[in-house]
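These are the structures, in structure tokens.
Consider the two complexes below, in which subunit A is the common component and subunit B and subunit C are the respective partners.
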Partner chain A sequence: MNGNKQLKLLAALLAIQEDALAPTAAADACDEVHWQEALTRKSALRGNARKALLHSPQTRRQFYFMADVTRAEAYARWKQAGIETALRYRAAASPTVEPLKIESNPHFTLILFPLDDEGKTWNLYLKLSAAFRPLASAGIRLVDDRGEVWLAGQPDADGELSSDWQLEGSPLERLLQHQLQIQPG
Partner chain B sequence: MNNQEEWLYQGIVARRRLLAYLRRLCVVHHREALLSRICVPCAGDSSSIALAQTVKAWGEELQRELESVIRSALDERGQIARAAIGLLFDSAGQAQVIASVLEPLCTAYRHHRERLADERRVEQLLWNVLSQHFKDKMDQLDGFGGGPGSHQLQVLRRIEQLSRELEQRRGKPYADFAELAADLLLEIQARAMSNMPRTVATILEYLYASNARAAESLDDDTQRIELIAEFLATPDVLIQLEQCLEQLSSELRQALAIKFGLEREPAFLREIDFKNHYGFGWETLRKRADQARRLLADCLRE
Partner chain C sequence: MRLQREAVVEFPTAGVTGGLSQVKAKAYLTSHNDAKGCSYSNRLPEIKEILGHARDGEDLATIRTDVVIGFSDPDFEGCSYGLALALADKRARFGERGPFERIIATGVLSKQGIISRVDAFPKKLALVLETLGPNSLFLFPKENLDTEIDLLEKVAVSGGKMRAVSQFGELRDLWQEGLNRSEQYRFMTHSKGYFIKGLIFGFSAVSLITGVSIFLFRSLASQ
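On to the complex of A and B.
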């Protein structure tokens, strides 16, 4: 079974887990500090913390909430710094397969590189501006308005993030139908 | 406050109906869940903190039930449930009033199975303190009795109104509640709004309290696959999952694959076509998939 299917199944199993079958103490302030450090990628999640999360829906609920708070705080910092998160691109479909550079947002640039002549495989490369880099160090994701994640992770020291195209279809076709947005990771 | 809300909190008849609703909820349907925990404490668990935690957990169960009513009923039932949920937020206040009658309440509870009079006494003691608490809360909401006008439900309404304004301004709804929370915080700060939350964490709590879709995203692990992938799905866990899967019979594995779309399988709109292809119907699929999930969940716990 491939990784995505395993994840889907694991999530489905966690979703039916009952607290009564796996009673665990509610997370305390220390747990929350540790989670926050993990969620902002300052440290790795400890084994016992992971175990508690795997075995208690109540603990996971708190963790998911903390993840949302961490992302909301990142959004607030970005907005205070005037970072626009949408990446607008509107162009006619091109019959030729060639690299495409989208620079409509001053804070990040997206480049799509075709890896073959037919445009079946692509590499995505995202470059953040110097001003955006320190605000995005905890992680970002590039998402379309269908909620599909194009790229996700922590940009490197140069503010760069890249990955192969893993969704179905061609990114060019999707760009014609959907808008892209940067979100906190 | 709009007319419907005035009707719920200020109208005498409406207040009675709301109290009757809360009585059914707290004293008729969920009394046992509360008393069985607060009157049979574990050793060392009889502190006021333990009571407060138990009452909080109980209140959250009630809120979840009300959220489900709100989701399913758009009529007056949903409206009453919505008004009721706002009165349940103050679990510390509930714990405080319950603490004031805890001893006689638990004495009566311990004997209630033998004597009907004790059962009535349990109901009476519990409802007397809770109903007074709820009435005080309603008064606060209406600004009666010197209420500060900053009750959580009023904050909730302001947040909902502000959210609508922000959505209108941006021309589309927020797909990401974290972004909405951030925009709300900045708007509250820009307008210097008093009696409003000052952190995104508090704003998110309000958003989850008022929005069933957002609240569901905290409970439904299938909506959190990215977090599971990054923080929980270690190689050890995935190997264990594979080993547990291998222990299932082939028919249970097949049911899981169909149910969760794990393999490329044909899709059928009609059950008869499904049955012709697989040799069993949808009900059998559901039962097998449920059994497989339970077995897998048990195996993973080991």
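On to the complex of A and C.
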């Protein structure tokens, strides 16, 4: 079983875990500081913190809430810095299968690389501008307006992030129907 | 003109799930953004570092060619795939060279193209021995040459070729590398020298023939 399937199975099992069956422990201030550091990628989650998240649905709810708050704070900082988060693409799809570069936003460039001659599989490469990098170091997500995540993770020191296309269909077709947006990760 | 080109190099991995894995580099020959894509984002910084060492000294135009790197199995530890990655990148961007249908490589690639010793070499060698056949090439660090002589002899008997390397540059015969800018300059000045010499020789020859012809014509005419 590959890592992705294992994660999905674990997520499904955790989703049906009931409070009554699990030991519950409210997070204290120390946990919250540690979570905050993990959410902003300043440190990794310690073993006992991971264990608490695994065993307690209540702890997980608190953690998810804090993750939402952290993302909202990051988004507010981006807006304050005048970062435009939408990426627009309005060209017609090309019949030839070749790399497609979208640079309509001054803060990030997206390149779609075809991995086969038929254009069935793709790789996504995202590069952030030097000005945007420090604001996005905690992680970003590239999502379309259906809420589907195209690319997610922590950009490297050069502000680059790359992964294979994991969603259904072709990214070119989706680009014609949906707008893309960068969000805090 | 080809727009895309890919190259595959295999590498042995040790450990519980050890085996032969593949690294594939796909180069986009008309796309020059210095982009290095990877199927798995967590490997990107490591890949960029290895490719940085492998491309050291290259011309800016070839360095900026976009590539995407993929692995047949991303679950492996360590950096002994560095040599395989670097070779796949070169062969994808410049074109493959040599008679080999399969290349298997193991080696840690570091600064200035130095190829260092790999761990668990006996196990990796045994894996290679299981699959190596004619028209295959096995590349490994010279630093590992002093160990496992018996196994290396078996690899040699299997019909496949092997090469022990200490510098990445020693493998330049495996890709069709063009000339870099300084080499281009040397070639141009060298070629220009030959062209000028040729021009002078040609002009002299034509002048001599013309002069002799005129002399003979006048001699015959005066008689």
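Going forward, the second predicted complex is superposed on the first by the 176 of 185 C-alpha atoms of A that agree within 3 Å, B and C clash if a C-alpha of one lies under 4 Å from a C-alpha of the other, contacts with A are read in each partner's own complex, and residues count from 1 in each chain.
Here, a residue touches a chain if its C-beta (ideal position, glycine included) is under 8 Å from a C-beta of that chain, and two chains touch if they have at least 3 such contacts.
What you are looking at is a predicted structure, and each value in this text was computed from that prediction instead of being measured.
**Q** Let me test your reading of the model: by the given contact rule, A:S104 touches which partner, first (subunit B), second (subunit C), both or neither?
**A** Neither partner.
**Q** Looking only at contacts as defined up top, I'd like to know whether subunit B or subunit C touches more of subunit A.
**A** B
**Q** A:T40 contacts which: subunit B (first), subunit C (second), both, neither?
**A** After superposition on chain A, A:T40 lies in contact with neither partner.
**Q** State whether A:L9 touches subunit B only (first), subunit C only (second), both chains, or neither.
**A** In the superposed model, A:L9 contacts subunit B only, not subunit C.
**Q** According to the stated criteria, A:R61 is in contact with first (subunit B), second (subunit C), both, or neither; which is it?
**A** The answer is first: A:R61 touches subunit B but not subunit C.
**Q** Which of the two partners, first being subunit B and second being subunit C, lies in contact with A:A76: first, second, both, or neither?
**A** first
**Q** So, A:V149: does it touch subunit B (first), subunit C (second), both, or neither?
**A** first
**Q** Based on the superposed arrangement, let me know which partner A:S129 touches: subunit B (first), subunit C (second), both, or neither?
**A** Neither subunit B nor subunit C is touched by A:S129.
**Q** Go through subunit A and flag every residue that touches subunit B in one model and subunit C in the other.
**A** 3
**Q** Over in the complex, which subunit C residues touch subunit A? Could you list them?
**A** Its residues touching subunit A are 3-4, 26, 28, 30-31, 33, 35-42, 44-45, 48, 66, 68, 70, 75.
**Q** Quick one: in the complex, what on subunit A touches subunit B?
**A** The touching residues are 1, 3, 5-17, 21-22, 26, 38, 45, 50, 53-55, 57, 60-61, 63-65, 67-69, 71-76, 78-80, 85, 141, 145, 147, 149, 152, 183-184.
**Q** Mind pulling up the subunit B residues that touch subunit A in the complex?
**A** Checking each residue of subunit B against subunit A gives 53, 175-179, 181-183, 185-186, 200-201, 203-204, 208, 217-222, 224-229, 231-234, 237-238, 241-242, 245, 256, 260-263, 293-294, 296-297, 300-301.
**Q** For subunit A, which residues count as touching subunit C in their complex?
**A** For subunit A paired with subunit C, touching residues are 2-3, 98-99, 101, 109, 111, 113-115, 123-125, 127, 151, 153, 156-158, 160-164.
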